[in-house]
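You will see two complexes here that share subunit A, one where it goes with subunit B and one where it goes with subunit C.
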Partner chain A sequence: MKPRFSLATREALWALAFLAIPLVFFLFIRIYPAFQALWLSLFEWNADPAKRHYVGLEHYSRMLTDATLGKALRNTVLYTVIGVPLQLALGLILALLLQSVTRLRDLFRAIYFTPYITPAVAVAWVFSWMLSPNFGIVNEVLGLLGIPAQKFLTSPAQALPTVTAIVVWQNLGFQVVLFLAGLESIPRTYYEAARIDGAGGWATFRHITLPLLNPVMVFSAVIATIGFLQLFTQVVNLNFTDQGGPVGSTLTLALYIYQLAFARFQLGYAAAVTVLLFGLILIITLVQLRILSRRVEY
Partner chain B sequence: MKKLLVAALLALGLAQAQQVTITYWQYDFKSKVDTINELIKQFEAANPGIKVVQQTFPYDAYQQKVASAVAAGQGPDVVNLYYGWLPTWVKAGYLQALPDELSKSLDTDFIGMVQAAKVNGKYYGIPTAVRALALFYNKDLFKAAGIKNPPRTWDEFYAAGQKLTVKQGNRYTQIGYGISPDGQDHNVVREILVRQAGGRPYSDDDRKVLYGGPEGLKAFRTYTDWVKKYDIGIPNFFPGNNGYRDGFIAGKIGMIIDGSFAIGTIRDGAKFNWGVTEIPIDRPGARKANFGSFWLHGLSPLATGAKRDAALKFLQFITSADTERMWLERVGELPARKAILKDPKLSTDPIYGPFVVGLSYAKATPFVDEAAQRKVMVDAINRVLLENADPDTSLKQAAAEDQKILDQFWK
Partner chain C sequence: MNRFYTALAYILLALGGVVMVFPFVWMLLTSLKPFGELFNLEVWPRDPTLDNYREVLTRTDFPRWFLNSLGIAGITTATVLFFDSLVGYTLAKLRFPGKEIVFVLILSTLMVPTEMLVIPWYVMSVGYGWVDTYWGLLFPGLISAFGVFLMRQFFQSLPSELMDAGRIDGLSEFGVFWRVAFPLVRPGLAALGIFTFLGNWNAFLWPLVITQSPAMRTLPVGVALFSGEANTAWHLIMTASSLAVLPVLLVFLFFQKQIIEGVVLTGVKG
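For the complex of A and B:
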């Protein structure tokens, strides 16, 4: 008997069948609930679905006068604006240095990658001790250098930059791996040609490395931005009994949503803030993709 | 043979039909979980038709689980919660009101602060145990510093605190009092210092914030002066969760104000002589005040029909006088029934005594949204201690924010 479909069609059908499973997963576990949040944001929450009454845009108008939300929004933007460039710049510098290292290369890479696979909770705990104004090793060292003890996480002014630095430190390993992969993919011949033409180190970096790293750069910027916009775990654990403190100085949108929903049971309003965060991420990502991914001319 | 099998199956089916299974939820705390397991055994033996399943979750994930599970119809029938969460839970439909028969016993047999388990005049839960605050002090450090007695007035408290504070340059190596705005200190300000100054934190109908008034401002300045004027401690001396308690257990902090729930942890951890004394007052004979609080067991909307009857039975069982005695022994928490609290053996106990005495004049703050209201006061304190804000301005801002939370809730 002759098969009903050709081999190629059958292969394609199989591929589709396998793709359908994650597709169904994304549709029902990820995308459908996301749209449900949109719907939920128009209702006053109740455990009993029959008692959820429609409030229209009330939650959205409440956002306009919510000072805590304003602070969370401002902090979230600050985290992103400081964190993303820092992470990209440090990641690139480290990747360039690591690329020129020939001995013990893998060991160095492993060391830089370790923070990324360390649980954020453990990192937060160790850092809150290291940065303690009274017992921490960091202030001990600063003292030896004649610098007065800093309050770091316990100061409303320093807490946000400190948290950002810790998150960058933790993400750096992954960032370095991305850049290393990008650097490896640049053909050696370009550098050789440039050297023959007499181009110096800066010129080759500026005109070969940077432009050819652009795809990695765009990917990293988008992923890092989304990561900082959704910052949660580190903030929760770095000041566990006053989450988002001191004085709300480290509060993020994601943490505020969590507090509204699960400490205050205002799930309708929390859904509205989630929609705001979703919109923010969507707009920023679209803008980034538009600005950053210009066609590169060699 | 076949007939016999059918009969056996029928009998089994009948037994199944009579069997009711209810679920009890609480957060993970070993002595509480073990005691409830034992109580379940006793309860099931006395009530053959009812099976009780206990499920526990880590404290941090607890409310999140309740929020999603009850809404999905999969959650607990009887659920344990902090009294401060009650109004938000009731408003969001996570609890059902208790029948009137139970309310009467709550009014007459239980300590007065359980009134805080009422929303709009109806009870929504019953506690097994209650807690109050007291001053823990390190007897060895007191002795080394030449302090004879634990402080009874705030002036004695400052004097002891200053003697116990040790600095090396600008860094503290030991502090007299474990300042902790996000520990119990926000309760100390709201419920103890404001009342000692002659004020009230909230109006009796719980619609108005009153601590922004002159008594409140005086109380707030008194508290922030512990750091600013008397220098008996600094916030965040020890990092981590409950750093003030860890610092006390490590022998680096002379005194802390903490709840009776901390007795077990301190007893297990502290390697020195320590004692407990009542919260200090302005001068001998001055007004006393204390912050009382409790966890209670409520009925979720999932408990209906036969399950509701079984859940109510279980609820009464785990809040009975016998259970409360067992709870005190096993978990170390103070009973919520007046009659058992009157036991002189309890009020003269060197550790439990000061708490029991404190309970007699303690009030449970009528929170409507504890998480948000706590943050308002913690931020008010931290603005002064960490950002050098003016105490009056900071507290007035807090009172306005708190009022907004009350208005939002009662709207």
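For the complex of A and C:
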């Protein structure tokens, strides 16, 4: 029997068969909705179909004068510029400490990693209980140390740094595990060569450890930045009765989008804000990749 | 000097460890206290009780939320592992026109944040009647672009001679994928499976948007809305949190090594 198709055609047909369902998925569930968000942003789109109409770029000009959006944007940037460096620095310090010990290393690593896999919702509620101004254990401990009670999540000034700290607490283990793997992949011989050349601890760290950790740094910085720019779950749950409060001090872009779309049903304007978030993530990620990914050759 | 440094490292690590563990301890201790003991701030419960657990488990749909989360995360993990491997394999090992376009198309979806898709997904779900259904909860996560990228890397490192051997043995192209290639990428599957399961188990935004009736909620949504209504009943809130955290801790206890290695693997390959 002669084959009906050539080998190459046969392989292409198999590929088509394998890709058919996934391609339909990506086109209709991932790609089309992304464009639909752009399209929706040009419409007034309420729950009531009779009230939907084209408004052009009106939502984008509204964004320029929306004070709440300004606040959400400012907060989101603040979370990111405080949170990402804090997470990377603490992660690196802990990874270096872990690398310098031999016993109990796996136990410590597991302990630091645990928060990363626990549900953020539960973590948020545990912290809002511990940080409760009047009955929280944290203020109780501060009291024993002679430090006055703090308002933490109920103070407009302290709420944002507190939320940032909680998010860093939860992500730290992920960071430590990545850095530790990065540190362990640096060949011992580099350190030995540096010691023979008479390099001190700091010089070794500065000229060997840091440059060789660069790929892990870039990856971590990008992942952490994207995470902070999309901060939502913790902010919602840490101040559940006044989400984004007190007085908007913890509001993020993602939460504002959620409130616009699903509490006020201004889906068109909310879609316009998602386009802003998309642009922000895209630009920051590209800039970071450019700055951080300079190759190091040895 | 060296010994001093090692001692210091242990002390700092132990202090950090306390900061990591204490919230979990405090959560569990609070969950064992009756309401009357909440505000006296003694560390150990004077009258430890499981009443809070009984109350949360019977007064809410907690068992249902647990099963919902288990089902959603389980099904999603299965479909992601199957389809992501299939696509990853196709992109790594089969020759066909338009391969680069397909790869770039899938990769480009990684840049779009979920927030941007949630609104069109919701509009779509309203149109098709998917709001407050399991299909509505499931459909956005059935295949993952990140997983395609990851699995493609794993399949690329397999020698093509293995697949040719399968073809000579008379396996169909699908047989070659399923019987020969798929079993050889187990480390990748484990890493992707763990990531997908955890991501879906802990997911909050989309389940919050798409569910309405209490019975359809997933665990995180159920815990959040229950806690919001419980007001200052912190003993019940901490009980609900404990019930959400304990299964994860148990799984982590047993698969600690695989989970951490999976994270490293996705970090290195991804």
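Just so it is clear, the second predicted complex is superposed on the first by the 261 of 298 C-alpha atoms of A that agree within 3 Å, B and C clash if a C-alpha of one lies under 4 Å from a C-alpha of the other, contacts with A are read in each partner's own complex, and residues count from 1 in each chain.
Following the convention adopted for this analysis, contacts are C-beta pairs under 8 Å (C-beta built on N, C-alpha and C of every residue); 3 or more make two chains touch, one makes a residue touch a chain.
Given the structure is predicted, the values throughout are model-derived calculations rather than measurements.
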Subunit C versus subunit B on the shared subunit A, clash or fit after superposition: clash
Which superposed partner A:Y112 touches (first subunit B, second subunit C, both, neither): second
Touching partner for A:W129 - first (subunit B), second (subunit C), both, neither: both
Which of subunit B and subunit C A:G248 touches, first, second, both or neither: first
First, second, both or neither for A:T80, with subunit B first and subunit C second: neither
Which of subunit B and subunit C A:N46 touches, first, second, both or neither: first
Partner chain(s) touched by A:S155 [first = subunit B, second = subunit C, both, neither]: first
Contacts of A:F265 with subunit B and subunit C, given as first, second, both or neither: first
Partner with the higher number of touched subunit A residues, subunit C or subunit B: C
Partner chain in contact with A:F240 - subunit B first, subunit C second, else both or neither: both
Region of subunit B that runs into subunit C when the structures are aligned on their shared chain, from 9-17, 45-53, 63-71 or 261-269: 63-71
Intersection of the subunit A residues that touch subunit B with those that touch subunit C: 45, 125, 129, 132, 135, 240-241, 261-262, 267
Contact footprint of subunit A on subunit C as seen in their complex: 5-6, 9-10, 12-13, 16-17, 19-21, 23-24, 26-27, 30, 38-39, 41, 83, 86-87, 89-90, 94-97, 99, 102, 105-106, 108-109, 111-124, 139-140, 142-143, 145, 148, 173-174, 177, 198, 201-202, 204-205, 209, 219-221, 223-224, 227-228, 234, 237-238, 240-242, 244-245, 248-249, 252, 256, 259-260, 263-264, 267-268, 270
Subunit A contact footprint on subunit B (complex, rising order): 63-64, 67, 70-71, 88-89, 91-94, 170-173, 181-183, 234-242, 301, 369, 371-372, 375, 378-379, 382-383, 386-387, 401
Partner subunit C, residues of subunit A touching it in the complex: 8, 10-12, 14-16, 18-19, 21-23, 25-26, 29-34, 36-37, 40, 45, 94, 97-98, 100-101, 104, 108-115, 117-123, 125-127, 129-130, 132, 135, 137, 140, 169, 172-174, 177-178, 181, 216, 219, 226, 229-230, 232-233, 236-237, 240-241, 253-254, 257-258, 261-262, 267, 270-271, 274-275, 277-278, 281-282, 285
Residue numbers on subunit A that touch subunit B, as the complex places them: 45-49, 51, 67, 125, 128-129, 131-135, 139, 143, 148-149, 151, 153-157, 240-242, 245-248, 259, 261-267
